[in-house]
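Consider the two complexes below, in which subunit A is the common component and subunit B and subunit C are the respective partners.
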Partner chain A sequence: MNVAEKTHFIEADTLIGKRIQKKDAPEKAAGKTRYIQDMVLPGQLHAKILRSSRVHARIVSIDTSAAKALPGVHVVLTAADVPDQQPIGVARDHLPLKGERVRSLRDEIAAVAADSEEIAEAALKLIRVEYEDLPIISDPQDALKPGAPLIHPEPHGADGKHLHLKPNAPIAFAGKPDNIAMQFDYTHGDLAQAEAESDVVFEDTFKLHYVTHCCMGVSGIIAEFDASGNLLMYSNTQVPFLHKREFAEYLHMDPSRIRIIQPPIGGGFGSKLDIYPFEVICIFLARAAQRPVKMVFSREEEFLASPTRQPVLLTLRSGCKKDGTLTFRQVHTLHDNGAYTSWGATTPFVMMQTFSSLYRVPACDYHTTAVYTNNPYAGSFRGYGNLQATFAIEQHMDMLAEAIQMDPLEFRLKNAQDAGEVTGQGMKFKSCGFKECLTTAAERSDYQAKHRDNIVHRGDAGPVKRGIGIASMLHVGGGAKIYPSDGCGTILKLDDFANVTLITGASEIGQGSETVLSQLVCEELGLPISAVTVVNNDTAITPWDVGVHASRTTFIAGNSAIGAAKKAKAKILAAAAKKHGCDETALDLRGGFVIKADTGEPVVELARLMRNLHFSDKAELVMTTFYYEPPSVHQDKGFKGDVSAAYAWATQVVEVEVDTDTGIVKMTKVTGAHDVGRVLNRLGIEGQIEGGVVMGQGYALTENLIVDNGVTRNPNFRDYKLVTAPEIPEMDISFIESMDGEGPQGAKGVGEAPSICIAAAAANAIYNATGVRIFALPFTPEAVYRALHGKAEKPQLQAWKVTTT
Partner chain B sequence: MSLKHDIGFTLNGVKKRVTVDVGMTALDMLRDVVGLTGTKYGCGEGECGACTIQVDGLSMNSCLMFAVDCDGRDLVTIEGLAADPRADALREAFVEHGAVQCGFCTPGMVVQAAHLLATHPDADAETIKRGIEGNLCRCTGYKKIVDAIESACCGGK
Partner chain C sequence: MTPIEQYLAPATLDEAVGILQQGEVTILAGGTDLMPQSKAGRLAIKRTLMNIRRIPELKGIALDNDAIRIGALTTITEILNDPLVKEYLPVLADACDHFASDQIRNAGTLGGNIGNASPAGDTLVPLIVLDAEVELASKPNGSVTTRRLPLAEFFTGPGRTKRAANELLTAVRIPLPKAGHVARFFKFGTRPALDISAISIGIAGVIDNGVISNARVAFGAVAPTPIRAARTEEALEGRRLDEATIEAVASAARDEVNPIDDVRATAWYRKELIHNMTKRILDHVAQA
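Now for the complex of A and B:
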């Protein structure tokens, strides 16, 4: 800082709402960022996993002798070699290495650590496994039929028969007498009465397909034990602190002996929220080899053995009165859990919020049954069930509006939530820009006029029809109290040159949290963004945080960072006031100086003040800590409660061109209006929304993981179609700034929001263009062509009211 | 175990001699033998563009190229683009326009974009979109990448 500047008055300025470049972007654009795939530790071995070649089978024998004899092979492990394995996952229902039964093609049977990947792969080919096939369940509806084969009959636990159990060990997973993995039941209001009051009722079944994250960086981990038995992991987990505890349980270790370092990550989107078998297996290998072991997936393996979005079969009944008032919603969903339970099974937490609270609805009755099948298992994925719920709800909103001959926008506005409302589920909407989202997106896209015109032109000559569709969403925007704490810790220190080190529990997964957190700190301390160094990737250094999920980082970690910065500011101003003989309330921080708050006149350069403090008789440093816990509550047993400190809203209008000759749907424009509380980094938030829109476009139109009798048919980018650059729609994004009272500088979370409405709005747009409603995703040319020519089968859910609750 | 071969090529302006397995890809050679990790593995099948490099001035998927076929060629990777002022402007444009999120696709995108600008200095948005069609990005939705390339394109004139 130049002292000559002292003579100038320093104008007030803000970083909030500006276009701030991502701090890590220059390194990434230069190819210098070292991702986990790029890391090489001295003495490192390479690991590979042998997966099942059968969809459902008993393992008769495993012979690893030839693999063990291969030169360059250090360790070969099967379940028999790890008798202390613990069941892992959300329901603790599977062992990392399967010894007795395989339940899906991704199942891990053996693992090898060798001098090179090539040797490890060659060793896998030498392992002989004998199977005895068992009947396959690939349709979730079959899983519930009486007499259906069971997927998890045996316990993973302690009856002495199971070789992975020590004698007298407690039963960790008791086995299942049926194929039901999880059930959720929620209700509010008087359903019978609400139904009786309805003038119109619709009942339809919707089918939501498999898609997967397709992070450009494939999954990977490096594990290493030191001489004292402490475990160091390089991992791309999104929840390092929770996982530290979980790994400790799986490994029978003291959690304090586990350290997780998170190298930069090649995409997350929810995929790194659970612990997967490969991670535990890699640690087993490292323990056995006493060398660092690195395991990185191939792209094919990434498709086969990483989680999917939850596929759902969903029957929705909705009703309304002639005047446009919603009366009730009744929902039954069947979740295809896959062979094991990960976070996908718990998506009803989010889905029921949308059904109960996106619009005001006097009665809501919601039931989910998640069943085991022999399919790939579903995990958490950006939007977490909300894409599926919104797809159903927003189509019914259009259908109800049409039935009572009301404009679809008017119908939505009539039922939309307002600030101050407390929903049947107990969610309290403190800031709520929903109606403004609706009107903004509708106006900017000229929705109402186009919607009317398109209907008129449906019968025009030519194969290409234009359509416009609208859909909205509600999502948690201030964290989600799912764990005992939803908080985040911050440690902040200033050095002798007034540079800040911000040590935060919150991980950067590409979403730009480092930059936003730096901005919030600089706003308090009056420093340029370049003055901040963020440390956020090492559990041995950073304070606790619950992890990156539920669009919570900006809100929770942001408030935590602000808390620490405010404490630092108070300390600095008190010191300056004392030294310069004035009242600290008359001082402020701006442009790297302590200034007079009223005039902006510089009092002392901040760096100089820092040095004076440090090198004085009573030497002192400015270091502060803060832990932020949001004022949300846990849901009760009936899933009621104000689970988030704030809620985010959005409306998206999608325009399409449908070629009725080919079934090709072109998404031409997306107009979005997002209630984000307040824009912090305009560049970052635009990028997050654009990326989310295109991810939603893929979900709606192109992406489809084809799982056929338990076999994934298209584990590659040739046959699994991600949206490419020429296909993206024109995007018009508006921000509604509802200035949330609890949010950092008024902001709310936005990470998941932009993907949520696209498929629902696209469905409504296709209907607007063609008069044909399609109840199943994705809208591939084949599917659309069939639907337009009356050849599509309407999805059916027989489980309606059949499930035992 | 496998057959080895000695090859020589120019890498980012520097002459190199290495010994590689005959079955090795250029991508693996760059990452594992030479130790330049800016070039990424995204699919290994020519479908994602994360491994894009320039070979004799043409952009190639290094995962589809045998290392032995690099013999006698001139290779430029993301690390080598540092020496090219035009590419500097491009990289800055990526940063400035917010075209980088997780960054995993970014090196391949930048190399592809550099080639695009070299061959189509006046490219418009549509040409740019087609030019990066073979490069997948899961984070950004491509818009800011196209904006960045477009700005470098006009700015470079």
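Now for the complex of A and C:
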């Protein structure tokens, strides 16, 4: 190819901000992507789990003899067969197989590995379990009442094995003398003084419901031991390196003998951030069968046994002065932990940030108690508590503004932060486009005029009322230093044809990380996107990464990829300078060539240079590594500290039509302004924001996992209502480019942001339309209709006053 | 679940009703209700699974004297696109336009929607107010005989009808509407389509000089079967659609239905919807 002769000068160009198709799009659109569901290993068995048929009960006996006798069944396991099982989860309160007691309907009692799914199913039906029912706690407020039944009492095994426990034994072995799973307490400022200075104070309780992720790809795993006892897992996890270490602990194995390969993952949204019993059980089955064992959930099982968003009862007191200055916020929340502790219980980490630092608040006092119940347990879910916190705060912002007769936008602008501020919680806003988000979203939606007009027209004839509501959010945008490291490693190599293999620790779970990381590398190396192959799914190959969470991948893995690419570039330019007798600072990479930086004149084709380097006396390849650790810090014991390297902001304005005859709320338009630092892949970020808005819309209007006395009543897509195409509102999205100094090319994380404000803004819009404020989600037609007719029950929260100081 | 012992796909009506006569048969048409229900364990497939999709007599929409005959195998999509339906039975087309998703409409059949006998079946309420009859064929004594039943009397409970085990639902016959005939359908679900009705309403009648006659009112998802509402019809029959009549009809409707609480709605809310939406439908007719 003799390109150089035709193109004497290569024009400067950039990939940043362009609309770049996701690298995996053609495969997915063509149905060719091979998910874990599609994988078949030679000799593979199929596994199914027998779950409890009681909400809370003592297990009297389990009889698996008939199941074991069924032809085609290879292994049947109960807790008795794995005496070495270790408790999983954040609080180590969860044994994968339950032998003594079931605490919720999702609880695993036995598991079968068989030649086919059908045989495994048939075997489950042959297992006899005798239960002795125990009293059920389904209302978290009951869990704290004196004399409430204990969900995790000290085990009373007939063998008295608990007597051998060490003093600090995990809850699963030692029990818990109360139903309190976790507590969080945070404070800054002088609450009493701030309250005394307030002209207006509101106190309200908000109720946030159960929803679940509904990933298109349901949970699944294949586990296999080789002849040397090494474990290979094909897993959908979002956090392979953390899991490798945890599995090693649970299985008493050397972590170096565990390898995790992630097949393409059909969505995560936080659901694949914890280890679940099914994964450990599948490994037990594979160990017992000495065959690969595959376990994939049915959709119903996914609804019943995968985690939910954290349901919360939350009392918020907020105050302000007549001039519109916020004075304080005091918060007590009761988190329904469910029967076991997963990440849901730790959502206060994020919630308190929003209470302490979304808007300037001189005093903030925050308390959470997470309690055990017999309900499904909550995990992490896109937004991680922030939807719940923002729902309460932004309704109070509107209520305070109305009470002091101030325009809601003006009130927010008066209390919004600027770049350079440090909050009471120690978050440093190095870049901050908050005010621009507020004004942009308001202007583009004509918020102020519509807000005034809608109030005037509330009393007009006709059943349909129009409303507009505003809400904003603050979320980590530069990772979150929760673990010892919040870093990500990259290995980068160029081959003889100047094609790049980018080996990154960052997992692709559908969010588009492969594409954006390729883009960042190509921007440094002057190559087209097609020149990059990404390897990102094998712990035996990829360098360490903490995982996909906290909207961190573009920021952390992006900086890591740029670091490796810059090192490669330096090496290339040095080699080119030496070979062509010029100064390396006068050279650059562009369009597949080494060029003269000032004129764009090609010096040598990059592929040719690579071959010259390789096939020479001093043979050399261009291979670089980089590990990026963000300059964030761990919080202190009071939860203070600059936990993220950057913070993302957004304002969303939601417009609704409320049909007062039916209570149905139609979301007609969402106008969003997002401080994303900088747009990298415009197509990708638009998709991520549109998808996030729809997820927020579902949370606000239609999605509701109905849990009734511990029983999930709608474990299917017929009765669990996801938003479908006809209801998706018109969207007008603006990007505020605050050019974060630490971000890759100036970008900040955006993954979680778009879901966060929708429910809060919808609540304000419904109030604007009807004059009725609703404190509980979701705004289903019946809930709204009841509220409009004064028949809504206002949420109450009493328990915290008894249990916290 | 007992395993299916035989699968049959007859090519003629005669053959099909002959198979039914032998007993223990589950009929498969579009499969959009049968498959999820059998998978969920709510419906047991009998010894013989009979696919009726190859039977030509069960297909097509045609004028038949003073009626429109719709074959049981006609899909919801075919009804939606049919010129006869558009011209004479727009209320049925409207109901089909709120029916599930495109994929389900392409597979699901009218006969299946009726045979499934869900209290929330989307085509049932409009067909009832159109005075539709079902046509049932059987072969009791070696030759095919048919009988007809008004659809309003066909349903006996959720999933249950007056179809005998040896009968095949072959078609629906709908009398051609008279001049001045008006019919409306309303379905309430959380989503505009792809949703099970919390309630549905069908109202029809002939308007002559502003006066309504031949009033028909039917409701879905408020009783074990779709129901015709006699007292509501009475409140409407022979009246002009003024404000007082409309309120009286809407109130009669609310009093007449006796729905239940379930995951989709409470009984109270269903009654409110019946009132408010009956009123809205009649307001729209009055204004038109």
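As a working rule, the second predicted complex is superposed on the first by the 777 of 805 C-alpha atoms of A that agree within 3 Å, B and C clash if a C-alpha of one lies under 4 Å from a C-alpha of the other, contacts with A are read in each partner's own complex, and residues count from 1 in each chain.
Assume contacts are C-beta pairs under 8 Å (C-beta built on N, C-alpha and C of every residue); 3 or more make two chains touch, one makes a residue touch a chain.
Just so we're clear, the structure is a prediction, and the values are computed from it rather than from any experiment.
Trainee: Contact-wise, after the overlay, does A:677 reach subunit B, subunit C, both or neither (first, second, both, neither)?
Mentor: Touch partners of A:677: none, neither subunit B nor subunit C.
Trainee: Determine, under the contact definition given at the top, whether A:479 touches first (subunit B), second (subunit C), both, or neither.
Mentor: neither
Trainee: Applying the document's definition of touch, where does A:724 land relative to subunit B and subunit C: first, second, both, or neither?
Mentor: Both: A:724 reaches subunit B and subunit C.
Trainee: Going by the contact rule set out at the top, does A:782 touch subunit B (first), subunit C (second), both, or neither?
Mentor: second
Trainee: Please indicate which partner A:662 is in contact with in the superposed arrangement: first for subunit B, second for subunit C, both, or neither.
Mentor: A:662 contacts subunit C only, not subunit B.
Trainee: Does subunit B (first) or subunit C (second) touch A:702, or do both, or does neither?
Mentor: second
Trainee: By the touch definition at the top of the document, which applies to A:713: first (subunit B), second (subunit C), both, or neither?
Mentor: second
Trainee: On subunit A, what residues does subunit B touch that subunit C touches as well?
Mentor: 718, 724, 726
Trainee: Hey, which residues of subunit B end up touching subunit A in the complex?
Mentor: 1-2, 31, 37-45, 47-48, 50, 77-79, 82, 91, 94-107, 110, 126, 128-130, 132-146
Trainee: Under the definition above, what is the set of subunit A residues touching subunit B in their complex?
Mentor: Residue list for subunit A touching subunit B: 19, 21-22, 24-35, 37-38, 118-119, 213-218, 264-269, 298-299, 509-512, 683-684, 686-688, 690-695, 716-718, 722, 724-726, 728, 731.
Trainee: Which residues of subunit C touch subunit A in their complex?
Mentor: 188, 190-196, 198, 263-266, 269, 272-273, 276-277, 279-280
Trainee: Which of the residues in subunit A end up touching subunit C in this complex?
Mentor: 463, 661-662, 664, 701-702, 706, 713-714, 718-719, 721, 723-724, 726-727, 780-782, 785-786
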